[in-house]
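Both complexes shown next keep chain A, but they swap its partner, so chain B is in the first and chain C is in the second.
This part shows the complex of A and B:
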């Protein structure tokens, strides 16, 4: 058991985790400096709100983390195969639209209605996600370009379809109509929070993806392709099929993110979450990139990085009490993510420090380092 | 007191789980060619990377002209006049020769490049040393030999006095190797000092003045070449006697396993590399070798047979079954093993652990997966078995990250993986490229064993020694065509060379090939 813990502490995953923590710490530090520059007298109070304010509303942290986990998984999963799914926003919006359509236009009995709406969200994301996949697999078109452009195409199509359908939109076209309660996700009953069962769905999917990547032949193929496309071809791995499949899955995940966002219950009776068709790209998709980066695309790590980002976002809103503008908190979050890109350097530093420390220790004892490979 | 330009004293360099250099001392005299010899993984490249500033040693010091210096990065090395030609060239493919040579030390006037003066210096250098290059050619368009000349010119352009060559001959044709040797001797005569990393004993005997031998990260000694022999050097390097001749019985070819009929392949690189209407057979129990100078279509032909590229014409049959249109996986199932030419590009996923690489061709088989879930215990057992059976040396066993292994052991892992498939056809492309004598001897034995066990072996090699020693039948390729078929016992290396260079060829007549001047 002791050895197991030792191995765990020495494992690569742990190294990544530690360096991510240091990266976050440095990011927070720089964030604090920004706050000090903006308003030094309130910086300490504002900073502690950003860091800890979220804990007071932890149910909300979980609630806002739900779609983030899913878009983070969408980006991270594609990353594993070496694909950069920058189109999570478009997929998110399309998934949301499909769920909205099922919720408002189809008339289905209670539990089934929600279930079908969720499935529809996945299908919507998959449809739009498959396009860059097919283009990449068959015509070697760069997926970054095709997926980023689909963000706009998806969003405009959705806004157009919503505005043109009287069943979906209210008279002023300012927002979508309220969804019936039958199609809303089951609330977990935390007072004052929209937290709903979708959080479990997101966590289960993250664990599922972890298993797929680590334990299955599909995951083996996927990661091999991500590391070395030529070697995977040599191994007889079907690159085209896997590329399309990966983008379809990634699209489905982001689509589900949009679905659970729109299907979340409302705190106000007879109301629901709404979408405003005002030609703005969903930010959740881009936050997904940050979430995936911060977690080095590890599905389990993504749960925590999404929680973390959600936490400081919630905390940031309460930092407004100290007179900080919401843009400041966005800057601090951006800085943290910026620093997370340095986490590789951090792990190098960390390795050196640990090594120097252990050498000092071993100098006292007998020299056991002469390990030459037989 | 001897006059040493560079002294590396008691160098120690560690990597996680391995001591790559342990108390190594190397002294380089002015104007000498000093060979650094050792098996793969002996620590040669690490030691040179320390000298070049790529790694910092944990212990030991470096002296230049008797004074202690610290080399923290390649710029420091450069400032001390140390230059290096790496085994894998560090060139920008889409830049021209000239742009690559001046890269990092661009002559400029207020930020504007002064290519004219650079060009003048490059042309002078290339004339003075016989290093023929076209300054305006793109790197991706020129031969490997010329790329190497560009690397050498880079060092000369920077006025380096100490030149490190890391396995420079591994990628060259016999003629190019001779040219390089002459160039190196010219440098030494001029007073430049050369460190020459290699494991080819013939080359050391031909050009070096002294030789330092490393074994498993430790210093074995430094010898004068005039006072030593090939046998002694190999004993110092491997720690035992090495048999340079391959022992094999006469082949007894049986049924045709691979049949290639009228195959043409269009090359993506250049017209010259294309394969044009090639036909041949490989039979059970024989080793057929495709010989030729690099870039005459051998690689492309192998790509077409293994399925990495499509053939544009002709049929390929394996055990009588037409496999021309089959996927790589289906060819493998039909009975094909493939030791690929480039082990880093095709053969391995370097970031994966060794065990995951050992199942790269078989992970989908019921032995290793159940309903899509990998059977990790089975994989571990299988990997342990292969590691043991094929003597793959790795720091942490099956979980060693493949990138951390030496080239020779990486290749052994691939050989083990492919031979263990017991395929009817083994395609082996440059199986010993860049390996040391110990590993070469071992891999040759394994290939002969596969033949004796009834496999048909198609070997592609650029090393004429290997071609002559290992094969039962030689096919020479020139400009995408087979220009001659030989029995290795009845042909000389010189004769083969004439066919490889295109100055002789046999013509096709019914029933075989016939000589034509």
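This part shows the complex of A and C:
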């Protein structure tokens, strides 16, 4: 039994799980400190809202987690190959635009309309995601800088195209027109929530990516390249093709995230989700980085980390009851990302502490018997 | 000719923040640390600069002197913020890009919450300076014309009219940075740490210390650049909602375009600043005005230019060889 526990603690999965918990714990701790600074008398109430407020509206947690799962998968999938897709934001916006365009301009029959809009979102994300991939593969340009630039380029293109198209935008140019009901995702009918079938889509895709990574040659090549680029090239893996393919898939995932966000149903009759072309890049892509890091890029883990991030985000908005700004959650997420960057070192520290602790314990008694046996 | 003067006058105050921040990035990367947190460092600098200006704007001190002190306040405060990057990437050997991303996300939220906190406690006369998700100041730092110097033909019009003090400070920083990087022992050691830290270590250079110094310099220049950006573009205000509009990332592109060399970075900054001002200046340039393009296209230009430039420079890139790789003594 004891050995089992030891092995479990030593296993890689456990290490990353521990480090994730440490990062989350530290992030929440900083959040609590900020709450105490802002308003110490309401800090306890606000903090419990952040932690547990989301549970009261779990359908909403699932609803807001849907695009997060997809952007998280986008970032995580690229991470597996050693690529940092910081461009999920631009891909998300582009996917959203493609879905919006199909929804408002094309005239298609009921069920087909939604399906085509979803596909369009994937294509939109793929298009803009392919650019850093191609540049990385053929010109050896760092994908981080190019995808940051593409976040802005994508956002400006989308805003421009929306503003210049009377079918897409309302008269004041303040927001996009309402999407017809035929193109909106099917609501799951939870009262007071926009939860829709897209959550199943996201989960199925996560499982699908898990299978791709674990059971296919492409997935194996991808992970091998992530571990050691040069060795995998030497082993005959087509690095250029895989780089482009990975970025295209990552782009498609983030694009789909934008698509399901805009195609979600609305609680208000005859309305829909809207986009405001105000020249600001989407934060959803950056939250995807946090989701992917928390799960160490594991597709299944990403489902749960997206749920967690969504949970504290919902909690953050309900903390507004105590007068706190939801940006508290941005701070918590940023701190979590910060600590995730060196989380393995922290879990090393934890391992040492556990070791020291168990050593102290073993001096006291029961372990002596074991030694005699040896 | 007036159009030309106008273009130069409007380009320089934007080029200088880009120059400073890119120089900061250069020092950091030359020491071997990728500093993607420049965007966040800029906001941090602008934030502290604005706090300083807000607390002193009603005093009788000359505004231009306030600007100089504000720049120093912003610079030194940002050194502190940059240490979060230095500690994580030097001591803990963290992924530098991820740490940078976290720092970029953190500061806008802090600014917003700080503004909320101060707004709640605001009891002064008139509108609260904290109502816009940030800090709004009333200090006017614009220089209409510099006495005497503005009378010089051509140069007077180009450099000494309708400008900000930041322009002259920026040139000063450029000169100092060039000297530090190429003519001092420190600069040589810094460059060695970015190219081949193992070799540098073997001759007794403390790689960790040099990397801390590189990041600290990027914090100082990045913060100062952020403050200068807020002075010349945002009227010394800062908001956590809009931040510095991606100029920290543009500065990274400027640095790459400038191939990690100070003087080339200066010209790259001029080029990018010119592209950034184009969207405002189009009505003044008959040729572009006649094209009738959407103004948004001009807003995209700096970012598109970055992509194109990267494609053409990456083959012969002079990037420091050890950048982004945590230094491990055991691998020597």
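The working rule: the second predicted complex is superposed on the first by the 339 of 374 C-alpha atoms of A that agree within 3 Å, B and C clash if a C-alpha of one lies under 4 Å from a C-alpha of the other, contacts with A are read in each partner's own complex, and residues count from 1 in each chain.
The working rule: contacts are C-beta pairs under 8 Å (C-beta built on N, C-alpha and C of every residue); 3 or more make two chains touch, one makes a residue touch a chain.
Here the structure is a predicted model, which is why all the values come from computation and not from measurement.
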Ask   = Touching A:320 in the superposition: chain B (first), chain C (second), both, neither?
value = neither
Query = A:197 contacts which: chain B (first), chain C (second), both, neither?
reply = neither
Message = Contacts for A:38 in the overlay, against chain B (first) and chain C (second): which applies, first, second, both or neither?
response = second
Request  = Name the contact category of A:116: first (chain B only), second (chain C only), both, or neither.
outcome  = neither
Task = Tell me which partner A:141 touches in the superposition: chain B (first), chain C (second), both or neither.
result = second
Message = If we overlay the two complexes on their shared chain A, which of chain B and chain C does A:159 touch? Say first, second, both or neither.
response = second
Message = After the superposition on A, what does A:217 contact: first (chain B), second (chain C), both or neither?
response = first
Inquiry  = I want to verify the contact counts: of chain B and chain C, which reaches more residues of chain A?
reply    = C
Message = Contacts for A:59 in the overlay, against chain B (first) and chain C (second): which applies, first, second, both or neither?
response = neither
Inquiry  = A:235 in the overlay: touching chain B, chain C, both, or neither? Say first, second, both or neither.
reply    = first
Request  = Report the residues of chain C in contact with chain A in the complex, numbered from low to high.
outcome  = 36, 84, 88, 92-95, 97-99, 101-103, 105-106, 108-110, 112-113, 116-117, 120, 240, 242, 246, 249, 252-253, 256, 294, 296-297, 299-300, 303-304, 306-307, 310-311, 314-315
Inquiry  = Considering only the defined contacts, which chain B positions touch chain A in the complex?
reply    = 14, 17-19, 22, 41, 216-218, 308, 327-330, 332, 338, 340, 345-352, 356, 360-361, 363-364, 369, 372-374, 376, 393-395
Key: Interfacial residue positions of chain A with respect to chain C in the complex   = 34, 37-39, 84, 86, 131, 135, 139-142, 144-146, 148-150, 152-153, 156-157, 159-160, 163-164, 279-281, 286, 289, 293, 323, 325, 327-328, 330-331, 333-335, 337-338, 340-342, 345
Inquiry  = Using the touch definition from the top, list the residues of chain A that touch chain B in their complex.
reply    = 215-218, 220-221, 223-224, 227-228, 230-236, 238, 369-374
